[in-house]
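To keep things simple, chains are lettered A, B and C as they appear, and every chain counts its residues starting from 1.
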Amino acid sequence: MAGMVEKRGLSHWLTHAGLILGVLVIFFPIWLAFVASTVSQQDIVRPPMPLLPGDQFFENYRRALVAGVNAPVAWMLFNSMVMAMGIAIGKIVISLLSAFAIVYFRFPGRMLFFWLIFLTLMLPVEVRIVPTYEVIAGFGMLNSYTGLILPLIASATATFLFRQFFLTIPDELAEAARVDGAGPMRFFVDILVPMSRTNIAALFVILFIYGWNQYLWPLLITTDPSMNTIVMGIKQMFPSGDDLADWPVIMATSILAMLPPVVVVIAMQKLFIRGLVDSEK
Amino acid sequence: MATVTLTGIHKSYGKTEVIHGIDIDIADGELIVIVGPSGCGKSTLLRMVAGLETITSGDLLIDGARLNDAEPMDRNIAMVFQNYALYPHMSVADNMGYALKIARRPKGEIAERVQAAAKMLQLEPYLARKPRELSGGQRQRVAMGRAIVRDPAVFLFDEPLSNLDAKLRVQMRLEIKALQRKLGVTSLYVTHDQVEAMTLADRMIVMNAGVAEQIGTPLDVYERPATVFAAQFIGSPAMNVLPARAEGRVARLANGIGIETGTDASGDVLVGMRPEHMERDPDGPIALDIRMAEPLGANTLLHGSLAGIAQEIVVSLPGVHREDVMAGSARFRIAPEACHLFDAGTGRRL
Amino acid sequence: MEKRVTFKGIWLPILLVAPQVAVTGVFFFFPAGQAIWQSLFIPDPFGLSMQWVGLGNFEYLLGNSFYRASFLTTAIFSVSVTVVSMAIALYLAVLADRLIKGSGTYRTLLIWPYAVAPAVAGVLWLFMFNTRIGVVTWYLGQLGYDWNHVLNEAEAMGLVVLASSWGRISYNFLFFLAGLQAIPRSVIEAAAIDGARFWTRFRTIVWPLLSPVTFFLLVVNIVYAFFETFGVIHTITGGGPQQATTILVYKVYADGFVGQDLGSSAAQSVILLVVVGILTVIQFKYIERKVHY
């Protein structure tokens, strides 16, 4: 709100200029990727490459989506979608259920469960990656959607969030529901879940992006190119030796890889911000 | 329509007993107000009737059936909560019809009953709205409507008016009274506001520290308070209570003044005089040193003390009396039958 | 905080927590326990059996110059990422906060790189700085600077820092802007009336009031740089050249999966676990009561 004090004249325009410069600098890598996805390989390998889009847009994207390098990118997009949705929905569902149980019931082991939740808040998947891989391999879940999804929903961050939210709901609502004759599951479905829908949506946005952007985990457990997700698949498109990479297709794939999460963030900006703030609180 | 009987109701949390045995027979259609200061256990008592708190010992009978362990929904009660507890994501109509929907009543019947209740409460224009789009008074009505729609045997009200502003509170109080009369449903009503208790109750339970100090009609409690607590809690401003020694029908205050009481007693007592029962009388025995006068319009409150006694005394005189006129001192008398005598040890009425 | 009202029943709640217990048990606690257990063994040369070495893996690691170098690399990397991304974000947030109208538009324009996966960010930056065809490399060459992050360790580190900071600016910008907008206008105006110019106001009023947000971001960014930048490193440098960009998380992967040294990799996981534990405690202890939104 510093703006209220000095607002007119030159400094006003300098402020805009500074911001626009910032936006352009931040945009630049993506712009370049987009340009690269619309020109031919020859344009790129003879530096400097052009800074304005070319006419190969459809050709490059068609090649990426249909053929790709190891697997069609359309497949990888589908895999990513399954993984991101699976993680977001799976985590939300199991977290809603268990948060409901620990807030609205008293049962043996409740406190133990609560502390276990707290523990999981601390450990990113990267830390326990090797043994987790062995577990998945042991279950024969390599190259499967279950293997991609389950280990990433094995943390209780969302449970913790829902618990915090449920605690803010007045006790009287549950009492009113009981007087109205609602049993626990009825209360959960008719009242608790609808009341949580903003939180659910905000969390969904965050989890979708989290799931979509996973890299290390899919890299480890999907050896079959047809199970690759798009984010990890890009790196697989680089040739191993000294051969020249197929830059237009790689860049088209990069644009395709960032498109869904970016659309989600922009379309649901309010929910996204709320989700970020919630999940860091 | 139902009778409600509480016999020896106790409530303990662990080793701490918070309700020490409540007994009352409530007749069909009666409106019972449970009144007392915060923390006296009045809400706990109501919640035990509702089935939201377990009853540690004693019996709760509704229409003769013992319902101590029944689920709230099986007690045929409806409850109006202090903060209304409306489901924020449901429309007014859905809020009111939720219990019927759970009871799997046909859609047509639900709509009909919601409509009828809405009409009674003048809520018809708001049926499609969400609670957050309503004013405080309207939300209160919806909470009432939700209770009415179920056509229960007993209404339970938990301080339903305490979230409203003063003017609306008076209006809703009258509406609740009229509605309860019209529907004739047995009701328990919890409040900390003695005016609400006086105006609404057929009978009231004056509660203090988990004990029913007195159960009786409002006028009973006002005219013949059973304990010092009941005497001071009901009536505004509160009754003046002074320690005295009773000598037959005269109570002698610490400064030697004798007041005729109309009650035969002896030994240490407490003598209670309502401010509005004290009358100006140049020959009266009570000489008040007036410290301050508060003209309220219809009456004037005089604050002062008696010579030799530190305790503050309040007198309420009808009409306007200016401070300058009243400054200094004045003498008062009180009719013997308006004096209340209490045992100094137990606080019980003599 | 506890609920006054609860529903009755024991089996229903147990049923409700069962899916979470199963998933976290199998995919979280078991592997985490395994990591701790494995950190106490070394496999024989043929990988057929495991030999108990107690804390031997830890002793070896802490005495190993590569591992200690990786610690240093991680420190340099995370501090750089944190400082670069926070400085740029703060600069932009202060500018956006000066606007009465339009800060929302800039916010929209600036937040979405958050959605770009670190691995994709890595590819984008690799493309710009590619030694053969990169645009930035070419322009640098025109200026007489020969960029080669494949060989030059400092340049490799610089590049992964830039690529990691880039996506992070959005996040920091968002929190800084919210923090700035939460500072009451009256405080700023009072300072202005007292004659403080913009810089003085920023230094003496805004910056101190913003410090809870700054501290919060500091911890969160360090955690990010520690764990979530694997994709950037793997796509751009693969930890090289000569391990110059091998941060701890990358080393867990490299030793465990590429090198197949499970005992060492597990011991590294345990050390990381301790580091995260400390960071989390700091976060809970200070953030909980200081950051208010």
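Note that in this section a contact is a pair of C-beta atoms (placed from the backbone, for glycine too) under 8 Å apart; a residue touches a chain by one contact, two chains touch by 3 or more.
It should be emphasised that the depicted structure is a prediction, and the values quoted were computed from it without experimental measurement.
Here the chain at the heart of the structure, going by C-alpha means, is A. Distance between Cα centroids is largest for the pairing of chain B with C.
Chain B and chain C have CA centres that are 61 Å apart.
Between the Cα centres of chain A and chain C there is a gap of 16 Å. The distance from the centre of chain A to the centre of chain B, each centre being the mean of the chain's C-alpha atoms, comes to 57 Å. Multi-chain contact residues of chain A (touching two or more other chains) are listed as 175, 178. Multi-chain contact residues of chain C (touching two or more other chains): 5. Touching of two or more other chains is recorded for residues 52 of chain B. On the side of chain A, the complex with chain C involves touching residues 1-7, 11, 15-16, 18-19, 22-23, 26-27, 29-30, 32-33, 36, 44-45, 47-49, 51, 93-95, 97-98, 100-110, 113, 116, 119-124, 126-135, 150-151, 153-156, 159, 166-167, 171, 174-175, 178, 183-185, 187, 209, 212-216, 219-220, 231-232, 234-235, 247, 250-251, 254, 257-258, 261-262, 264-266, 269, 272-273, 276-277, 280-281.
Those residues of chain C whose C-beta lies close enough to touch chain A in the complex are 1, 3-7, 9-10, 12-14, 16-17, 19-21, 23-24, 26-32, 34-35, 38, 88, 91-92, 94-100, 102, 106-121, 123-125, 127-128, 132-135, 137-139, 166, 169, 171, 174, 178, 180-181, 183-185, 188-189, 192, 198, 201-202, 206, 216, 220, 227-228, 230-231, 234-235, 249, 252-253, 256-257, 262, 265-266, 269, 272-273, 276-277, 280, 291, 293. Interface residues of chain A, counted against chain B in their complex, comprise 170, 172-173, 175-182, 186, 190-191, 194-195, 197.
Taken together, the chain B residues at the contact with chain A in this complex read 50-52, 71-73, 77-79, 81-90, 98-99, 102-103, 146, 150.
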